[in-house]
Each structure stands twice: as C-alpha cells, then as structure tokens.
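Chain IDs A, B and C follow the sequence of writing; residue 1 opens each chain.
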Amino acid sequence: MEKNTSPVLEIRHMNISFLQYEKGFRQVELPVISDLNLTIEEGEMVAVVGSSGSGKSLLAHGVMGILPYNASMGGEMIYRGQPLTRKRIQKLRGNEIVMVPQSTSYLDPLMKVGQQICKGSRDEEKKKKLNQIFHRFSLEEKVQQQYPFELSGGMTRRIMISTALIENPRLVIADEPTPGLHLKMAKRAMEHFRQLADMGAGVLVITHDLELALETADKVVVFYAGHTIEEANASDFKEVSLLRHPYTRALWKAIPQNGFESIPGIQPYVKEMPKGCPFAPRCEKRTAECEGEIPYRKVRDGYVRCLYDA
Amino acid sequence: MKKKINGRTLLLFWLVLSVLFLTAVCIGGSFLDETARVTDFSRKNISPCIQYPFGTDWLGRDMFARTIRGLSISILIGVCAASVSAVAAFLLGVVSATMGKMADGIVTWLIDLVMGIPHMLLLILICVASGRGLKGVILGVALTHWTSLTRLIRGEVLQLKEQNYVKIAYKLGKGRWYVAMKHMAPQLFPQFVVGLVLLFPHAILHESGITFLGFGLSNEQPAIGIILSEAMKYLVTGKWWLALFPGIMLVLTVICFYTMGDSLRKLIDPASAHQ
Amino acid sequence: MSSSMGKTIGKNIIRMILLVIAVSIAAFTLMTLSPIDPLQANVGQAALGSMSQEQIAKLEEYWGVGQPPLQRYLAWAKDFFTGDMGVSLLYRQEVSKVIAVKLGNSMFLMVMAWVFSGILGFVLGAVAGMHRGRAADKIIRGYCLTVSSTPAFWIAMLLLIVFGVWLKVLPIGLSVPIGVEASGVTFLDRVRHAILPAVTLSITGISNIALHTREKMIDIMESDYVLFARARGESNWQIFKNHGFRNVIGPAMTLQFAAISEIFGGSVLVEQVFSYPGLGQAAVSAGLGSDLPLLMAITIISALFVFGGNLIANILYGVIDPRIRKGEKAV
C-alpha cells in the first residue's frame, strides 16, 4: 500500500435536511444535521457519540450515498485526498468503503446468511474467506445455510460485521453496532473494529454508548442536536478538566464511576432549534452571545463549538 | 424563477377537476333526458361531425346526448349501490373487530363466501334472484362490493383497539358499542370516505358490465351498458363511433372516480407529509 | 415439510369444502328467491318437449313450488354429489355434458390469459417498482390505471373493431369456423379464434398483478436490506437478482392464484362479446333463459376453481417463505 498522508475521510460542514409538509400545503426544510465536521486518519478509530434522535445514523447514510430521496445533503467530503462525489462513492462502496448496519432489518429475510455475506457470488475464494471469518467469530459453518430469522441477536451482530470483513475495507462505518448485546459481546464487537483499525483501515463507529466508545476509540466526536460540538482525544476523558464543551462534561458526569449525574432538559427537536448554540437552553454558563454564530474552533489539540472553554 | 407546484397542490387540482367533470356529466345528463330520446330518421347513421360530436345511431338519435344521459344514470346507480355497500362494510367491519370471536368468524366466513363466486357470476345470480331490472342491478352491486372495505375497516379497528385511550375506555367500563361509536368511528371516518369513493369506480364498472349482458335496465333507460350492448350489433357494419365514444366517456368517468379517491387518500395520509 | 404445515393444509381443505357447500346453499337460495319459474318460463320450449317424463318430474322436484326449500336443496345436493347435475333447459342435454364442453373451451382461453398476464404483469410490475417515479414506471402505471378503469367488454369491442372488422385478420366470433364439421376443426383454428378473447383477458389481467408487484417491489426497494445492499455496492441488477425477485415472487404467485376469480369474471363478459362458446357465455345464457340447473352447476364449478386457487396460493406461500416453512421460532 502506498503511503498516503492525507486522512482517510474528512467531512467539512456537512449538513443534511429533509423536505416536509407543514400544515396544509406549505413545504418546509428540516435540518437534521448542521455543520458536521470530522476527520479520520488511517489506522484510527473515531467514535461519534450522541444520544438517540440526534441524527447520527444519517451521517452514515450520507457518506454511503444512500439517503432517502426527500433528503438533501451539503458540505464537503474528502476521501483519501479526493472529493467523495456521488459517482466515486458508488464505485467505492461495498469494497473500499463498507458500512456495518444497525439492525436485523438490514439483512434480507429470504436469503441464506452465507450467500448474503458473499452478495450471492459463488466465488471459491470468497467462500474460503467466509469460512475463515466464521471460524474467527466462532460461528458454526451450518449457520451459513440459515436464514436471518433463525439467528440470535449476538449471531446477527457477528454476521453483519462479517459483511465488512469479507471485503478489504479502507474505511469502515459502523452504525450503532452494539445495542442488544451483552456487555461482554459488545466489548468484543468493538474489539473487532479496533482490529480493523490496527490493520490500517479508518473506522468510524456511531454509538450512543460513550463508555464503550472510550475503551477502544482513539478519538471521540460529540454530537448534539445535529451539530458536532466537540472533537476530543479519548485520553481527554480521563480528566474532566481536559474536556472542552459543557455538554461533553455533562456526558462525562453521567458515567456511573464519575457520579452518575444527569442534567435537566432534553435535546431540542429540529423544528424548535434555538438560535446559535443548540445546547444553550440547558447550559449553566449561557450568555446573550450564545444566541449568535458559534464557531467550531481548535482548542488544545481538539475542537469545540463553544464561546467559553474552561 | 419558476414557482414549483408542490405535490399536494397538484393533488387538490386533480381532485377538483374530477369532481367538476362528474358534476358536469350528472347535471348535463338530467337536462339531456329529452334530447337523448328524440329519433329522427333524416339524420341516422351520421359519423362524428361538429354538430354531432359522437355521431348518431340507426334511429337518428344524438349519441352525445345519449352517452351523457346514460353515464348520469350509471353514475347514479353506481353511487347508490356503492354507498349501501360501504355502509354495510363499515358496520360489518366494526362488528367483526369488536363483538367477539364468534361475530368475527361469521363475518370473515361471509367475506370468503362472497369472494368465492366470481363477481360477474354472483351479479348474474342476484339479478336472476330479483327477477332482473333496476332493483336487481342495485342489489347485486351492493351485495358484491362490501368485502374489501370490510376487511380494511376490520384491520383498522383491530389496530385502534390496541391504542391506549381505547383500552382505558374499556377499563372504565364503557360498553363495546359506546367505545365503537364514540372513540373509534371518528378515527375511521377518513378511511371510510376514501374507501367509499374508491368503491364507486368498481360499482360503475360492474353496473355497466351487468347491463351490457342484458340483466339490467330496459332499453328505454339508456344506461351506458345498454348503449354499448346495442352498439355491439352494429360493430360488424363498421359503425365504430357507436362503441368508441360512449366507451371513452365511461373510462373517463371511472378514471375521475379513481383520481378522486386516490387524491383524497393521499391528502389524508399522514405519511405523504414527507415528499 | 413439517407436520404443522400438513395440518394447515388439511384445515384449509376442510374450510374449502365447507365454503363450497355454503356457496351451493347461497346460490340455491338465490334461485329459490327468483320470481321466475323456470318451468313456466320454458314451457313450450323444445327442451321441455324433448325431455323424458322422469326428467321433468325431477325438474319440478328441485325448482317447482310444491315442496319446502330445504328438502328441494337436499334432493338436489344428493343428485349433484352422485354426479347427476340435472338437465339443461337451453341446451337439451345433461348439464355435466354441457359443462364439460364449455369448460374445455374456456380453460383453453383462461389458461392462456392467466399464464400470459401473470408473467407479463410480474415483469412490468417489477420493472416499474425498480424504477419508481421514472419514465418506465409512469408509462406502466399509467397503462395499468387506465386498463383497470376500462371495462373488459369494451376492450373486447375495440379489438373486435380493429382486428376483426378493419384489418380482417382475426375471426369475429365463435370458437370454431361456422359450417365446419367438428372433426374438420384444426388446433390452429381453435387458437385463431381464442386469440382475441385471450388477449383481451390478458390485457385486463396484467394490470392487477403488475400494480401489486409494483407496490411490493417499492416496499422492498425502500427496505433496509436493499438500502444495505446498495451500500455494499450491489448494482440494480444484483439487487433485483439477490433481493427483489426473491422477496416479490411469493406474493406475486399468491396473488395470481387468488386472481382466478377475476379471470373467470372477465371471461363472462369477453366470451359474450366474441360469442365464444365457453362457460362464461353459458352462464349468461343460463341467467337470461332461467336455466337454473346449468347456472347452479356453473356457480359451483367456478367456486371450486376460485377456492382451489386460493388453496394453492396458501400452500405456495408456505413453501416459498422459509419463515413459514421452517416455522418461525419465538424470539
């Protein structure tokens, strides 16, 4: 592999919005993701952490070019130094760029698991590789002949990760790969992604589980109400004072070992998005300026979208 | 920049256009009753021209007047029969879903029974049973069209029954009938209206079919099926306009009803908010 | 095949038998309600004259007024069960013989239409569903909606005008050339006469299966698993081959078997236009001529076909879908 110094994936100012009818006959545009920024280097595992309903799944769909027809996307995506255009992603997805889906519904209910992983191909090489993967995941070979409805939750998870391993990916995007798994299984799943990263691929894991993400990821991007509000090194989470954004600190405090404290309020709904900082209504330190434009700026080897960093 | 017409406005446009067309046919039909009957041998067998856009028949009757008159009769019969059918479907659907296993079994059995005999054949049977004529047609169409709507309503009600507010109403000791009428009927109403409108085209198609076969009205009542069945006899002699124009108008009418039902359905459907 | 499936099939067959009995009761009741007395209506008809005393007595037994309806039904049912369907008043023959000939003619037509409309409808529906909103979809959907708004008998008339009267390439009516001895009728003659009716039935039959296949295909195309397949770089053709076909064929087959009723109903109208001597035309004649024994028999035969179709549809569904075939485990 040639040495490539540019990051595997760089997303700049990505925004995704939906067109929807309001009352009667008026159409409005609903921004679900606004100004999302992140960078993934080769061999790096980046976790995007946000609570459910923050629009993080759409990030994966946006990169893969599989957004629904009523969605529109803006901003810039750069893959290995070149813009990731529609045409380019159509060529790369499924071999260089792979996605690990969220739930069983992403598996065809009427297709045998083995065939499904190989996309219906009868290639002998592929079959050999499949057997190796099954061995690695301690899945019995007869599972290849089963249908998705016959699998347990943990097996389904492993099958979905297998769909990524059967290719030779340089970028893996995993969309909520762990829910429904026991802690042990979830940790193992995350380790599989870690291995992929150690083998040189860039890995983007989208999750709501900060604790789990911190165990394996190199970098954490915190996602709140459609905005990236902080990009921090996993090591920053060892000490709360190293964190940059009030919401990230709140997340940190919500972890059981750190006090299990939660902050009042809920994430704003896209239609009632406050002006300026989306977190302002729940923030103790908000000032009048928080209603204005908030830049995403570099602070201590990371990024933050806040006027006041401690 | 050109202003883009959004989907819903377009739907409304089609809805209004369909309603206008159908109303025009109905009103026109009631005025053309006399004109449709006038026979005049001095103008028989004229192919379509400016004065007689649909031509005239072998008795010199104006085919345009006859077509519009016939369509208005057919629409009236179809709408009447379909409405009876829809009300029956509503009641049976609600009964089937709320009045216990026994009632459900009977209604589903009845549906299977009616679906088991091909529509046209059942229509013939009912027409024979009622001694043919207008009564037979209305009865026949009404008795054969309730099945699919009943299934739909039944499904809706079964879903509603799982809703919390309905469960609470039961818990509060409200009677089955009270809950059905007070809490469910209002929710079902939109679906019912759409279902009703979508029954019209079916009803009219079957009505025209059964009168075409000769089971319906007498020849003095020029329902559209009768006009077409008369035209059959003159097809071989090359008088194509006798069949073509009345048929086109019938198709247009049916399409209008479909458009009406479909636009209504889409306008009501909350999922169409995402376009 | 699991034993639970055998049980389901058994249950279905029992249900089907009960339904056929119910159909016969319903049809018999309808006939009893008819104000037209078949004997009175057909008095003086050649048929009555040519009947034996015994046959006339039987007619009176079933359709006459003397006895309570229940007894008349039971007497009719007993005879029907033993294969005696009575005598047709119009055709002056045993009903079973009339039905055998007419059904043969109709089957020829209906099987052609059923297969043709099934295959073409499936293909069109799949194409439209895969290309939702694009030109192909709009044309196919437009065609289907127009056709389902068009009465089958009118389409038949148009085809008759174009191919029978103007172009004179196909015959106007009857299943065999007029004036030709039965032995002189070639298979080609039969086909030539069945073409227009079969085409009419196919044209109308396509729309139902195509529209349903399209809907189903759209659901599949919007499913998460197709989204994922797309994310894995599968081409449109691969998506159809791997996921579309697999998931849509079951529902489509089920629908086509359940659509036998539609084709039967359509054939009544179409056979009338082409004066094609099949079961549908016989039903119309029997209805107009108050030939109750024949009408009864046609009703039951067609009900058997419809329920049979439904039964096959149910079984097929179980065979195709592994979730039913293997018996879905409770998760």
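Definition applied: a residue touches a chain if its C-beta (ideal position, glycine included) is under 8 Å from a C-beta of that chain, and two chains touch if they have at least 3 such contacts.
In this text, all values refer to a predicted model and were calculated from it rather than measured experimentally.
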Report task. Work out the mean Cα position per chain and let me know which chain is farthest from subunit B. Result -> A
**Report entry** B-C or A-C, whichever has more C-beta pairs in contact
**Finding:** B-C
Report task. Averaging only over C-alpha atoms, locate the centres of subunit A and subunit C and give their separation in whole Å. Result -> 54
Query - Distance from subunit C to subunit B - Cα centre to Cα centre, in angstrom - result: 22
Report summary line: Flagged in subunit B as touching 2+ other chains are none
Query raised in the report: In the complex formed with subunit C, which residues of subunit B make contact?
Result: 109, 112-113, 115-121, 124-131, 201, 205, 208-209, 212-215, 228, 231-232, 235-236, 238, 240, 243-244, 247, 250-251, 254-255, 258
Report summary line: Within their complex, subunit C touches subunit B through residues 15, 19-20, 22-23, 26-27, 30-31, 33-36, 145-146, 148-154, 157-158, 160-161, 164-165, 172, 261-262, 264-266, 268-269, 272-273, 280, 283-284, 287-288, 290, 295, 298-299, 302-303, 306-307
Query raised in the report: Any idea which subunit A residues touch subunit C in the complex?
Result: 61, 64, 66, 90-95, 98-99, 101, 103, 105-111, 115-116, 119-120, 147, 149-150, 163
Requested in this report: Write out the stretch or stretches of subunit C touching subunit A in their complex.
Outcome: 223-225, 227-234, 238, 241-243, 246-247, 321-323, 326, 328-329
